[in-house]
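Next come two complexes built around chain A: one with chain B, the other with chain C.
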Partner chain A sequence: MLNLLGEQLLNGIVTGSVYAIVAVGMTMTFGVLRVINFAHGEYFMVGTFASWFVIEKFDLGYPQSVVFAVALTALLAIVVGYFLMRKMVGAPFENGVLATLGVSLILQNLAVALFGGSYKFFNGGYIEPVELFGYGLAQQRILIVIVCVLVFIGLDLMVTYSRMGKSMRAVSQNIECCEIVGIDVQSVVLWTFVIGASLAGLSGVLTAPVNVSVYGGMGELITFKTLPIIIMGGLGNVRGTLIAAMILGIAESFVAGFIGLQFRDSVGFVTLILMLMWRPHGLFSLQSRF
Partner chain B sequence: MDKSELVISDLRAGYGSLDILNGIDLDVGKGEFVALMGPNGAGKSTLLKTLFGQTTIKSGSILWQGGNIAGLHPREILSRGVSYVPQGRCNFPLMTVDENLQVAAFTIADDKVLSDRDYVYELFPALQARRSTLAGNMSGGEQQLLEMAMAVLQRPKILLVDEPSVGLSPTAIGVVFEELQRIHANGHTILLVEQNTKKAMAVASRAIILRLGKVIWDGAPADITHDELGELFLTGRMAKEDASMP
Partner chain C sequence: MTLSGMFKGFPLKAAALCALALTGGFLSQAQAQDGDIRLGIVSPNTGSNARYGSFALRGAQLAVEEINSAGGINGKKIKIFSGDSQCTPVEGVSATQRLIQEDKVGFIIGDICSSVTLAMQPIVENAKVLLVNAASSNPAITYKAGVGGFKWTYRNYPTDEVRSLVVLDYATKQKNFTKFAVLSVDSDYGRGAINFTKKYLERFKSEIISEDYYKDGEVDFRSVLAKIKNSGAQAIIMYGLADTTPIIARQMVETGLAGKIPLIGNGEFNAPATIKAAPTALNGAIEAAAWLPGWDTPRSKEFVKKFETAYKGETPNNHAYSHWETVHLIAATMKAANSTDGEKVRDAMAKIKFDSAVGPITFDDHNQALVPMILLEIEGGAPSIKGAFVGSIDYPKN
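Then we have the complex of A and B:
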């Protein structure tokens, strides 16, 4: 029993790390733009597809495919960000919902049109098990947790000390005032979105060796897992997102292990409802935003 | 006083189809401290917003140091040395005073920021002690000082200040006006919109009165009494002018 408990906890931390890397991009985009990006999971899908494609067609190694996947996702995000996301500054809330849902449909169907609707097998990554605290764990899962820790340390440093990070905080705290001090809000929105989408792509390609299946609709589920996380974490809050993602990852893992796998995907929204009954403003309110 | 740096001619502007400024003609010389006054709805704040590129301009021109800045983007206007301190709170509440100043200085070169911040702390000693405090945790008066400091850090050639006394205690208002005088003494041109006419007249070198979107009086504060000012606000004319009229 104790053995199973530890194993589920480790699994939960790995799942939480995946969610955290995806969700942080969505929460940062919300922070500067006040738009829920319903297409966020699609960048996770694009990253996975890009990596799968170059491994299958060009026989590239997994590390090279990661670089390619993140670069391609970033490029796509620059295009979408330039022509769409930055134009959402000051637009009514529903514009953001419709536009990002539209992007989501386009990207999903583009993947199906280009590569077919069937499930693909992802053949890459480091799936050899290693022993950790007495549990067997695939190397890839350890890699995911390490990357998650590095991403969050990097983001924290960026948001606290860099010019870009300070501009992001400025836009999220008082967008009207940014014009007065000369911050280019559209440019901040564009680059925040590109960082966020690239992280989603990175998360996708990191998870692919563990999930092994690649398909056009895979991003949708990720978007809907991300939503409760960013709400629990306090919209726009980077550190809160990490903790909320871990809570959800571990809760899912325990439900899957002890109650039943079929209930796993409902955990996010059930946890969200319970948490909102207890703390309507999210687990972490304004004080530690960004 | 040098020759006019800012020349506004027949300026008509407002919000969308609504016109607030109905033909403003105004010159401001280098180093002047101008107080813009007038009743509610006269277009004082709109004039400052228009100078900073935040309204719709219908016609007229705003010549700033020889170039027309009418209709330019605020960032472009800022880079030409025009800084604006709007009415109400305009800072980043969850950043420290120091961080607010850093963000405000993004328009100037990065390596200059450090020395310029020291200059601003000398000019605003009250902020020096609060440099690690979150802006949102400070009093209204301190936040107003911070916002003026943010504008001064941009090394403006002219400072547009909108109603700095709103919502402040009498003591805080005193400090804010002292600070404005100090900024002016350091060589900045100031265009101040203020409801507190007594305070404004005491510090300004020139007073301009707006009513219904036009300039109706322009002169030295010493040349107008408070009663006359009140009359201008209410009727748009002065009694002695009426008496002298045929």
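Then we have the complex of A and C:
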């Protein structure tokens, strides 16, 4: 029993790491823009598709495909960010919902139009199992956890010490004041969005080897898994997102392992409802944002 | 299902509807000449089951070309009209209605997904259009057909009940398994198959010790596999989706289940791509299939050869076969009835004896084909055929 508990805890941490990398991008975008990016999962999908495409068509190695995928996602994010997200500063809330939903539909259907609606098989990555604390685990999953830790250390350092990071915090607190003191709000929004979308793309390629299937609608599930996490973490709160992602990952793992797999997806939505009822500002206080 | 799922494809559909309203009637009139036999095919052509739909359409198209080039039926040619169900009952019903009302089809083959077929049955019944299902395996479809109610539904495909019975029989008698874990897809198909397995558990003195169902699109099976590993189950009963099997198989390798607890049931365990994804996890897997490309009869081999020639060397799957065979079955029934009138063909089908590639097909009083299932086991990275079994089931008393 203790053995199984440990294994489920490990599974939860691995799942939570994936959620964390995806969710942090969404929460950062919300922080500076006050917009829930409904297309966030689609950048996850674009990253996966890009990697799959260069591996299948150009016979590229997996590490190179990761670089290509993240670069392509970043490029796409620059285009979308420049023409769309940047202009969302100060716009009514509905604009953000409609615009990002629109982007989501376009990207999803573009993937289907370009590559067909069927599931693709992802060949690549490090799927050989290794033993960790006596539990079998694909090497790729260890890589995911390591990358997750690195990403969060990097983000924490960035928002604490770099000029860009400080501007991001400033913009998330008071846009008008930023404009008065000469911070280019639109550019901060653009680059925050690019970082967030690229992280989604990165997590897409990182999980592709273990998730195996690549298809146009794959981002949708991710977006809706991410929503409860960023709300639980406190919208815009980077550290809170990591903890919330781990909580959801572990909770899902225990539900799947001890109650039944069919109830797994309900964990996120039950959490969402409970959070909205009792702590709409998240588990952690708003002050700790960034 | 989800917010963006609701909007997905909306602009496309709206555009298609406008185009249909403007030109639809003329187009189908122009394409099909008077006197053609109009055959509708309802199948998932987009979405996660699109691959099956594509196989089904190609199989049917191949049969139609064969029949038409051999002179048609009493001089009449068959013309296919396709409807996209997306594997959801809502889309399937509207596709069926379009085929009946706009394309004026007299015969429909469809769907692959059981949930869609169940929803189509009342519509064809009202419209008096003959539905010959070629790929749905939920037993309820023919529980409700023939003497069970729907007169216009036939099915030329073995049911999950037969499949469950054949698999359980083989696993308990040949492999001496008695303790099973369930990991099936959360759908009419997945849950239905498990209910029928339960019906026969007592007969084979075996038990199910854990029961889990996964959603379409699920990618994380580590938790449930860890539970199964620790539960003492000897095999995993899986009635699942072909696209998900490789994901589960890979995670079985990860969690150390591969080679210890085999998969039994159905989910394209024998597909080369699936085996390649995780050879050790699929070794020993037992699957009951309606048909597979390796089935060694002259008619089956001839079909594989024709299909590969017609579609650039692609190997057909069982949906391609079953749709190909069902078009031939309908054509043979029309010849036997010496008519293409829906009602006469329907009545003739009840009495037909048709020689298919897997064996002779006849229909019982529930309009269910008594067609054999092929049982195979994956040995050394390739499927090995263990034989064909016909299961005659007991219908529940109404």
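FYI, the second predicted complex is superposed on the first by the 285 of 290 C-alpha atoms of A that agree within 3 Å, B and C clash if a C-alpha of one lies under 4 Å from a C-alpha of the other, contacts with A are read in each partner's own complex, and residues count from 1 in each chain.
In this section, a residue touches a chain if its C-beta (ideal position, glycine included) is under 8 Å from a C-beta of that chain, and two chains touch if they have at least 3 such contacts.
Computed from a predicted structure; not experimentally measured.
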item: Touched partner set for A:V210, first chain B, second chain C, both or neither; value: second
item: Which of chain B and chain C A:K87 touches, first, second, both or neither; value: neither
item: Touching partner for A:L105 - first (chain B), second (chain C), both, neither; value: second
item: Partner chain(s) touched by A:N174 [first = chain B, second = chain C, both, neither]; value: first
item: Partner chain(s) touched by A:D184 [first = chain B, second = chain C, both, neither]; value: first
item: Touching partner for A:K166 - first (chain B), second (chain C), both, neither; value: first
item: Partner, of chain C and chain B, that touches more residues belonging to chain A; value: C
item: Touching partner for A:F38 - first (chain B), second (chain C), both, neither; value: second
item: Residues on chain A lying within both footprints (that of chain B and that of chain C); value: none
item: Complex contact set, residues of chain A against chain C; value: 3-4, 7-8, 11-12, 14-15, 38, 101, 104-105, 108-109, 112, 116-119, 121, 127, 129, 135-138, 141, 207, 210-213, 215, 217-218, 220-221, 223-224, 252-254, 256-258, 260-262, 264-265
item: Contact set on chain B toward chain A in their complex; value: 52, 54, 74-75, 78-79, 84-86, 90-95, 99, 102-104, 106-107, 110, 150-151, 154
item: List of chain C residues in touch with chain A within their complex; value: 2-5, 7-10, 12, 46-48, 50-51, 54, 183, 186, 211-215, 217-224, 226-227, 230, 243-244, 246-247, 250-251, 253-256, 273, 277
item: Residues of chain A touching chain B in the complex; value: 163, 166-167, 169-170, 173-174, 176-177, 179-184, 286-287, 289-290
